[in-house]
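Each of the next two complexes has chain A plus one more chain, namely chain B in the first and chain C in the second.
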Partner chain A sequence: MIEYKNLVKKFGERTILKGLSLKVNPGEILFILGTSGTGKSVLLKNTVGLLKPDQGEVWVDGEEISGFNENQLQSVRKKCGMVFQHPALFDSLTVFNNIAFGLRKHFSLNEQEISEKVKKALNLVNLAGIEDLFPAQISYGMQKRVSLARAVALDPKILLFDEPTTGLDPVTTSAVNQLIRNLSKKLETTSMVVSHDMNSAMTVADRIVVLDQGNIIALGTPEEMKKSTVPLVKEFLFEAQT
Partner chain B sequence: MISLLNKIINEIGLSLLFLKEILNTLFKTPCKSHLIYEQIWNVTMESFATTALAGFFVGAIMTVQFTLQMNEFGALGYLGGLATSGTIREVGPLLIAFMLSGKVGAFTSAELGTMRVTEQIDAIRCLGANPIQEIILPRFLGIIISAFFLLGIGLLMSILGGMFLGSLFAGVNPEEYVRHIPTILALPSIFSGLVKCFCFAVVLATICTYKGYTTTGGAKGVGRSVVSTAVTTMICIVVFDWLTSYIADIVIRTIQESA
Partner chain C sequence: MMDASELVLELKNVKIEFSRKLVLKNINLQIRKGESLVLIGPSGHGKTVLLKILAGLQQTSSGEACVFGKGWQNLRGAERLATLKRLGMLFQKNALFDSLTCAENIAFPLRETTKKTEQEVQKIVDHFLNCVGLPQVKSLFPDEISGGMQKRLGIARALALNPEIIFYDDPTAGLDPITSRKIIQTIGELKSEANSTAITVTNDMNRAYQIADRIGFVVDQELLITGSKEQTLQHPDPRVQQFIRGAIDGPLTALG
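For the complex of A and B:
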């Protein structure tokens, strides 16, 4: 479904991704863990063409997209729903129009169909009835869930989450993790989740990949991770237990 | 010194490329007219009061300054014409540019910068829209079109200010003040004022949208963009003021010689 081959990404003199290769299987939930600045978000942004690799290939649904221009990338982005680290909702638009934004751009739907899809998406994240509110009128946790609703409203084949639980309290974190798990399985999407949280990864992920300094240092199922001897993985597991 | 020069040339080049992208989008994709009207309304209303107030006092200052000179020649009747001509040729466009730079330029840069660092611009791209068409173009056109409305408001208020102070300070009655405006205010002066207003507005709109759009580095980065917008626009407006005055002078002299 998604494959990275020898991916290299530099920002000025700094090389963030150093020849990373990874294959994400269709329908799985893959958690990407690692310390700050190891290229987790960069990897995610390369998947939808928000960043371009300096070397290597990015394959999404059978297409090599690293050389695509903005017009060609539209078809790729139509298949992907992305939830950003910030809720990234548009302040001047209501919740309804925030969710409808992508539907109006990507599809030729009438207002009735858009309204139905928005309501369905809000129901999926348990936020029915807040269509007319503005982002500033709802809590940060709700904004994150609206952001999730905006992503799933497009009926994507791929869901990308960039630190979806950062800044949330433990109860909301658990609710968002459950949502990610349920939505991914219900909608049969391939999901990639960037996170620092090993606890979330152990409960939600099908597989976990750990990045360090732009390379993969561990890859496996949560059970395999528990047995890992890689120091950083052990550190993550220790932090998760305390 | 060389690295600073390199940085400045690089920034000029990148701003021009950004302007090219805006113009490409303007001519190749349909404009969202409701977004442009919204921006025109916002920019005009945000700066209306300050421009009107500043315009009134600019007219007053011009009148006081010219009164001192013209009293010596016994030509106080031409006070209105001279003050208005000076305002539309030079002070008006400059005043509007500085007003817009301080209020709208800084606001636009901060707004776009915040959208950039909170990933709203990335979200727009992911959701299938072009951020230049969606958020930059309406602001760019809104600033340019509003500049002309504000120039008109500023000019009207400067005439009112001049009339008031002319009557109070020099004893020129309002009717006499206005009567000689058409005598002195020639077409080239109006044209020069409009060209300057357009150039300053394009410079300001390009710089503030470019600085905001390319913001990096969180809240600190937004602050840096706002400061950089204020400083860069002030410098560029003054440079463009000289440049347009110089070119206008050549054009007017060529026309006069050929006539």
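For the complex of A and C:
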């Protein structure tokens, strides 16, 4: 579904991605872990053309997108639901219009179809009936769920999460993890999750990739990670347990 | 044992309301010089508000908040400024100057608030960039480094002034586990060296256990001192147990 071939990304003198190649299988939840500044978010941004590689190829759903212009990228972004660390809701729009915004922008739907899609998305995150409230009138946890509803309303083939549990308390982290797993499996999306949280990765991921200094140093299932002899992977696991 | 003269922060029957909505009540707390207190608790239950009251950035609705034996509400003008200079604060969002290089971000408060020579300033900048593992970013601007690196830079800037009390609002959010441990270790080492006092808000229980002398659980508008790591792990309150285990089912509602 997604494939990176020999991806190189530089910022000035610094090379962040150093010829990275990786295949993300259809329907899997892939966690991307690694030390800070190693290019995890850069990889995610390359997937939707928010950043372009200096060398290499980015394949999304059968198309090589690294040479795409903004118009062509719109069709790629339609297939991708993005969830950021912060809910990033429009505070001047109701919950309904926050979710409807992307639907109106990307699809030609009538108001009834939009309304149905919004309701369906809110049901998926157990928030039926809050359509008319504004973001400031609901809790942070609910805002987080609305941002998930907004991402899935577009019926995306791909879900991209950038640090979805950073800054959340342990109880909320568990609940968001459960939601990521349930939504991805129910909607049969291919999901990529950038995270620092080894515990989340071990419970939610089908596979985990660990980046260090712009290269892949480990790739495998949570079970395989437990047996890994790679020092950084062992350290991540150790820190998660202590 | 430390005696009462070493009390650096105190809250007496503090209550906080925002537009008549009760946020915190019956808060009593004494923090002694050299202590490390960690505040944990569900999002939206008032951890950051409590931190701001202690740091003099938030007024109480009733009760009294004291720093170095004086009530915050009585500290005005030069005396307030002199008190603030003895405190350090790391914000959730790093609040870096984006038009200054990383080195200049650390040097700025040193030049503004101390009489150190330029040579001394440079030495301190180098030392603290090393402490947080960032010697290579000296001449880069904040938007040229990653989010995790920005966090570490913010910590270096807060520590460089050698404050007597340091407030850390979620210092390791967004950092990988290894960097998190190192940052907390650095915070702990510098705290021991200077015998300073640290108040840390965090959601990461492993880091809380690593640095806390005492843990305070902010929940349902109140502060529950759960004690040391061992005491917290055995604490009888079901909310504490649900929280530290990250269990979805229990008295605390997730994503509510």
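Assume the second predicted complex is superposed on the first by the 242 of 242 C-alpha atoms of A that agree within 3 Å, B and C clash if a C-alpha of one lies under 4 Å from a C-alpha of the other, contacts with A are read in each partner's own complex, and residues count from 1 in each chain.
Going forward, contacts are C-beta pairs under 8 Å (C-beta built on N, C-alpha and C of every residue); 3 or more make two chains touch, one makes a residue touch a chain.
Since the structure is predicted, the reported quantities are computational estimates derived from the model, not experimental observations.
Peer 1: Spot which of chain B and chain C makes contact with more residues of chain A, would you?
Peer 2: Chain A has more residues touched by C than by the other partner.
Peer 1: Go through the superposed model and pick first if A:Val176 touches only chain B, second if only chain C, both, or neither.
Peer 2: Once the two structures are laid over each other on A, A:Val176 reaches chain C alone.
Peer 1: Quick one: classify A:Thr94 as touching chain B (first), chain C (second), both or neither.
Peer 2: Neither: A:Thr94 stays clear of chain B and chain C.
Peer 1: With both complexes overlaid on chain A, does A:Gly102 touch chain B (first), chain C (second), both or neither?
Peer 2: first
Peer 1: Would you sort A:Gln85 into first (chain B), second (chain C), both or neither based on which partner it touches?
Peer 2: Both: A:Gln85 reaches chain B and chain C.
Peer 1: Between chain B and chain C, whom does A:Ser115 touch in the aligned arrangement: first, second, both, or neither?
Peer 2: neither
Peer 1: According to the stated criteria, A:Asn215 is in contact with first (chain B), second (chain C), both, or neither; which is it?
Peer 2: After superposing on A, A:Asn215 lies clear of both chain B and chain C.
Peer 1: Applying the touch criterion given at the start, work out whether A:Thr15 contacts chain B, chain C, both or neither, answering first, second, both or neither.
Peer 2: Neither partner.
Peer 1: Starting from the residues of chain A touching chain B, keep only those that also touch chain C in the other complex, and list them.
Peer 2: Residues common to the chain A contacts of chain C and of chain B are 85, listed in rising order.
Peer 1: Using the touch definition from the top, list the residues of chain B that touch chain A in their complex.
Peer 2: 118-120, 122-123, 125-130
Peer 1: Which of the residues in chain A end up touching chain B in this complex?
Peer 2: 45, 48, 50, 70, 74, 77-78, 80, 82, 84-90, 101-102, 105-106, 150, 154
Peer 1: Using the touch rule from the top, collect the residues of chain C that touch chain A in their complex.
Peer 2: So the residues of chain C in touch with chain A come to 40-44, 92, 144-149, 151-152, 170, 173-181, 203, 205-206, 242-248, 250, 252, 254-256.
Peer 1: Could you pull out which chain A residues touch chain C in their complex?
Peer 2: Those in contact with chain C are residues 11-12, 33-38, 41, 85, 139-142, 144-145, 163, 166-176, 178-179, 196-198, 232, 235-236, 239-240, 242.
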